[in-house]
């Protein structure tokens, strides 16, 4: 064991050293179990404080956007506010609706929370700093991500509340629709990197011929950003828990820590979405070249996560919400065609790169210019052709007015 | 598409976006509203009955608590009715002060109304809090004048409670100078916002004919393209001396109602500039006793509040208290056509349309 | 205890029979569709197990598994579309009551 | 300025078409027979020189001997207004034709008058309590509400 | 053949998957059945990982757990009121006999009668790239079947829409 490996810059080498030392000096199984536990602890060291920080950051930042002060009473700058909130949630009464479907109701928060955590397994925080560097990393991400629908659906169905049920229906419709452009946007990156492994994708973004993929995949990034906000419920597209319409959506009937678990799962998946975005499009753990030597890669990566989180807060503070039919139309008529076109263009480019003799730098510049121009052109052209549906939904047979409702008004 | 079964969704009385304790029984087909039934009365305090036991001046605090977002115009409406009933004359300075207060109140109320409307469209509070920033300045102005921040009871039969203090004038001048810039800021943030336009243009159309037929008033009526504003149509106080326009909408959708409100704020600033410039000196205090006996008879007095025509029908039997005290409240009557506007739209639109009418439950239930 | 091909084949057979029992015994079309999916999964397990143990370097079984999954997706889509169409016409999805040939 | 049409002026026009409708008219008000209410309102709404397209308010008043319903009508097109009143002497079951077929705005206002005074508007499609709760037995704005003498004052002398 | 850890995983996954599948069949509440179906699919994905078919496991999660079970849950929801109880038909006894006979016969034939030629080579891992090569190889690949499969999928989608679309 070389103790120089435990330098903070090469945090990723810790696990490797521990593994090699254990396989040399201890029983065979420890070489698997101990690094796994170490990795899990490292992940929790990132995730648990992040949970609290992120809530605090969101509240402080959105207060800034709204010319308020935000939490500033508990602890310095209100830093302990999230902890106090967590204690409050833990001490709340656990209420269950009488007609709730008991087991799905109780299982839903857990089913929602587990995939949110599982996503982090493949995210590389630095070289050698991924919990499990799966070679099907991206596929795994997408597959795990689809479990959140099931959680929302279980909660919505089981709590026997109409708002929750509407939320469940919306979640299925929205998430299934947005899954498609989401995956299609990833394909461009996969084509360029030639691998599904996230570590490979990050390495591909530093290997000289390519810089960060945002330079050549602007359209894919935009699509991914929009679909990711839909999947993690951020404001312009947060129809699953649109509070002005359906109170709190699927977790209307949840209280105490069961609600807290939904809340934590939501923020965990937002952070995961930020991490995926920085991994795929913004060079993962790579930093700005002349500063890269002084700052460890995992700090770069976490900084990028928080920057994207701030962007999410920014959109939340700025934009009103779309309507459900507009949201669906946006996914099917706008995002999917554009992401398909993006795949086509990227595939052609990859074929051309393989057969070219030009210098990589020249190619890169050329591609970047072409892709940005194309993205701008496509967005403008498509938004000209595509208009948000604004008309009254035509499929109601007749306006049933005054008397369609049951006559007696129950008094509460 | 599918053979679906309509179901009833109870939106309210406790719901994040029903503007108080308002309840909408929605009959939904999927997410589409098939029928709607507004249910109110949760905030009914029997102001009409209570007023029959109080002197005319004692009735004024009730008007603060009806439309609690625009108390000044509520006071003004009642005072106009009482003055008509009892034949009380008002001094020039008091008339100007009333106009200034009413227009400041109109801006404050529209700020709140537009803010909550945008909130109902899903913006998570930012435009709303921007608007509250300016409303706060207005409330400070009202506090200077009346000592209260929400329930002013400032306008009294025959005049106003007291003359405004000297420091009021620089403050209101500064506000009037700054306000157009802030309105530009809101418009920058909202009017061109593609999501907001998609959510509101063409949504919840109240056609011109129906708006008149359903007795809508205020921005709801003007949003439908009817150029009807009591300040022009039936001028009270000194509105006939000011130069201002009546903004109207084109097709009567939620966006038009929003836009009319924003434009009305601009017009109010115009009126305020003229009123502050022209205000005469004098004594604005009432020349009548606190308790007075109007002659037997009836009178209907009204004014244009931010929500529409607020009228008071007073019947006097010669005693110090009204024999009948009827409130024609604009919020209450404006939701008559709500059902027709909402049916056929989605749940989200139902919320946005209700927000665009800008009801205050204190006034609906009275 | 080491695990070999036979274990996977037994698992595949058990899952297949569970699915088969469901298909034969249940009345609800939705449940029957679910059971068909279980049967398909059992088949894929067998295919992948053969691929793993008999021809570990060829991957033919896995290629076949991909085709089976494709067909399963198509089957689910068409089956559920049929189901909804039946439900729309008859408000019922009980196989014992929708066995008439006319709608 | 909205011109308030005098009761006599409108009464003369009404008498041309509906001779028996008008009970009394003075400088301000126009008193009508309650049965003729709907016909007169239709005339007022449709006559080209009246065009009362806007129903400002409907008010109930309890004068002890009789109930009175006051209609404030406005013409947005011509910017004039008129006050129409009618008296109902049957306190047990006061009835009045509903004007909802002319003005949709009457829907809630008539319900409110029914709620507070118990005046039944025949032809109203949905005449229920509006501000008081369903099943409430009294009409609270009547002067004999709950049979109390508190606050009761002699009726106005005509 | 298979390491100890993987053997342990196999037993857990196999028992869990079979129990979940049994519950799908036996439960009367079809919403619960649909949820347990998701569990079954997830367990099968785990079995694929034990069989070192990692790409297939990802596909299994994505297609089965992510798409097909959502479709089924959607169908449960759309047809909910009359069908919430998934009762048994009048053939349930004979179906049980058939199923038990089938499982015995299958095990007897596959495990008892057949002598599989088990290869001793270690499996390919990771499988993504080799699988792609096997599918799209120019000489002995499966490009044509792959294209046919995608056309079948497209046809099924269009057909499904055509069936459900309002006439």
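Residue numbering begins at 1 within each chain, and the chains themselves are lettered A, B, C, D and E in the order written.
In the analysis below, a contact is a pair of C-beta atoms (placed from the backbone, for glycine too) under 8 Å apart; a residue touches a chain by one contact, two chains touch by 3 or more.
Treat the numbers as computed from the prediction; the structure is a model and nothing was measured.
Taking the mean Cα position of each chain as its centre, D sits at the greatest distance from subunit C. Chain pair with the larger contact count among C-E and B-D is C-E, by C-beta pairs in contact. If you average the CA atoms of subunit D and of subunit E, the two centres end up 74 Å from each other.
Mean C-alpha positions place subunit A and subunit B at a centre distance of 43 Å.
Separation between the centroids of subunit A and subunit D, computed from CA atoms only, is 62 Å. The set of subunit C residues that touch two or more partner chains comprises 84, 87, 91.
Residue numbers of subunit A whose C-beta contacts span two or more other chains: 169, 402, 409. Residue positions of subunit B with contacts to 2 or more other chains are 1-2. Against subunit C, in their complex, subunit E makes its touches with residues 1-2, 6-7, 10-11, 14, 17-18, 21-22, 24-25, 30, 33-34, 37, 40-41, 44, 47-48, 50-53, 55-56, 59-60, 63-64, 67-68, 71-72, 74-76, 78-79, 82-83, 86-92, 94-96, 98-100, 102-103, 106-107, 110-111, 116-119, 121-124, 127, 130-131, 134-135, 142, 145-146, 149-150, 152-153, 155-157, 159-161, 163-164.
Taken together, the subunit B residues at the contact with subunit D in this complex read 40-41, 44, 46, 48-49, 52-53, 210, 212-216, 226, 228, 233-235, 240, 296, 298, 300, 302, 309, 311, 313, 315, 317, 319, 323-324, 326, 328, 332-333, 335-337, 365-366. By the touch rule above, subunit C contacts subunit E in their complex via residues 1-11, 13-22, 24-28, 30-31, 33-35, 37-38, 41, 44-45, 48-60, 62-63, 65-67, 69-78, 80-85, 87, 91-96. Remark: subunit A residues 62, 65-68, 162-163, 166, 169, 235-236, 239, 242-247, 316-326, 388, 390-393, 395-396, 399-402, 404-406, 409, 412 touch subunit B in the complex. Contact residues on subunit E toward subunit A in their complex (touch as defined above): 5, 29, 31-32, 35, 38, 54-55, 57-59, 61-62, 65-67, 69-70, 73-74, 77, 126, 128.
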